[in-house]
Amino acid sequence: MLDSVKALNALASLNRWAGFEVIRSDSGESELRMVWRDTDMGQYAGFLHAGMIAAMLDTACGFAAVTLSGHVMASNFSMSCLAPAVGNEFVAHGHVVKAGRRQVFTTAELYAHRAGADPKLVAMGTTILVPTGEPLSVSPAPAGSAGR
Amino acid sequence: MLDSVKALNALASLNRWAGFEVIRSDSGESELRMVWRDTDMGQYAGFLHAGMIAAMLDTACGFAAVTLSGHVMASNFSMSCLAPAVGNEFVAHGHVVKAGRRQVFTTAELYAHRAGADPKLVAMGTTILVPTGEPLSVSPAPAGSAGR
Amino acid sequence: MLDSVKALNALASLNRWAGFEVIRSDSGESELRMVWRDTDMGQYAGFLHAGMIAAMLDTACGFAAVTLSGHVMASNFSMSCLAPAVGNEFVAHGHVVKAGRRQVFTTAELYAHRAGADPKLVAMGTTILVPTGEPLSVSPAPAGSAGR
Amino acid sequence: MLDSVKALNALASLNRWAGFEVIRSDSGESELRMVWRDTDMGQYAGFLHAGMIAAMLDTACGFAAVTLSGHVMASNFSMSCLAPAVGNEFVAHGHVVKAGRRQVFTTAELYAHRAGADPKLVAMGTTILVPTGEPLSVSPAPAGSAGR
């Protein structure tokens, strides 16, 4: 399953650009890691851009959902930014709350990691995903696929 | 005012990377344009990534808010994805609904533009922003500032 | 159509208790009125309770949706409270933004009316509704139905 | 603290009408119970009305927040309805995620209880609350106050 989700991750050009790394993805749970770059991920004050916070939360929700429901499309997304997103790397944890036939309800949290400090919760989000009906391919990703 | 917001836009490294262009920003309204790139902005199926949809909606909300309330930080963001975000370029329109002293309530819509077709509403969002108390600089952007 | 939605309104026991009155409901739009009662609708400071604000916004969204999509169930609801909800009566306006086959996206605004003052926007909301597949009955409501 | 929150609960006329009972409220957590009445709490199909789901989630969030931040006003509220809200009684659990000076971020879950069955999660929500600056009175509620 993890290989299938890694292959799915590699299909998304933004995920490759951002360097999203799938650490875990099974049984309705996921974990996604990204290393901070100040050259192209910041908002005006130099914190992680809200769009990247959203991208990580939404993707973690999606990678939790696909383990139970196959391919999905984001329908509704909401997040609260709890603290300035400052760190060397960021880790998002996604969870399926309910995998319905027509809608999958998920939540996620984003933690900022800094050298020598405990991970800090900087944002939390909720995503509603709609299954497309297409099953997640469980065959191994093709050799040479990007981002693996 | 437009020059000040363009200068603010140029401070954000993600905005420069994405090529966000501020078309309008005054009196609680804003308009933001971005040209699509399939090399680094897509989700797995090749549509605009939900994180970029969020980035555009949230930024348009912020650039509407700064015209009335000075510098702001995103606190809560929500969006609905109404249709697959497919287009050659995308334009977000932001609006202030209420500029309170402690919270600024804003909404935005994202339109996909395709050659030979009417713009299509693909997403709508709501952002709550918190004023930092720092006024928006109204001096002209420094000569040579990036992206403008 | 208005009679059908009035009949639907009369089926909901909370709507009868609250005295919801359907003023308009057609073509993806609705208007819902309620007279304020301080005896059972208030929060601790005497304003309209957030639950009643939600009830009016969500119901106005639903009554806009049924005109296009038949019976629906609320799936996701969000609202922002823009000002203390104080008034003699409240009017909610609902609008369909997109009536999809699996999800209907709607928005609503709530206005407080006070004698001698302009209506004041006190809250805005967004509801995602899921069609149940059951068409809205367009026959007249049965004689003697409650709340009419 | 529990007595103070019970006194606050008794000040809200909707809470008295609905029979909200504060079971727990301390250290950023709360628990709120309500007995179902089909005569005035239902939507058209006879389930608990979305407005009452919102009222319980929002109130549980508020009663978690007041334990840390004094009096608060709801600013933004969102919820997902996960399953039809059918039960003999309903219990909402509220939690503070972050108690900031200007905004308090909270979440809540609503469980439906039915005789002979396990409690069922029917809805989850998020509320952003703004402290009014007024401390929660910690004196005992007046003798004879309603709803205790």
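Should a chain be cited, it is by its letter among A, B, C and D, assigned in written order, with residues numbered from 1 in that chain.
Here, a residue touches a chain if its C-beta (ideal position, glycine included) is under 8 Å from a C-beta of that chain, and two chains touch if they have at least 3 such contacts.
Since we're looking at a predicted model, the values are computed, not measured.
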Check A-B against B-C and say which one is joined by more contacting C-beta pairs. A-B
List the centre-to-centre spacing of chain B and chain C in whole Å, with centres computed as mean CA coordinates. 31
Centroid from C-alpha atoms only, then distance chain A to chain C, rounded to Å. What do you get? 35
So what's the Cα centroid distance for chain A and chain B, whole Å? 22
Residue list for chain C, restricted to those that touch at least two other chains: 75-76, 78, 80, 128
Graph shape for the chains shown, where an edge means the two chains touch. Line, ring, star, complete, or other? complete
What residues on chain D touch chain A, complex-wise? 78, 80, 82-83, 97-98, 100, 105, 107, 121, 124, 126, 128
Quick check: in the complex, which residue numbers of chain C touch chain A? 75-76, 78, 102-103, 128, 130
Within the complex, chain A is touched by chain B residues 8-9, 11-17, 38-45, 49-52, 54-56, 58-59, 73-81, 84
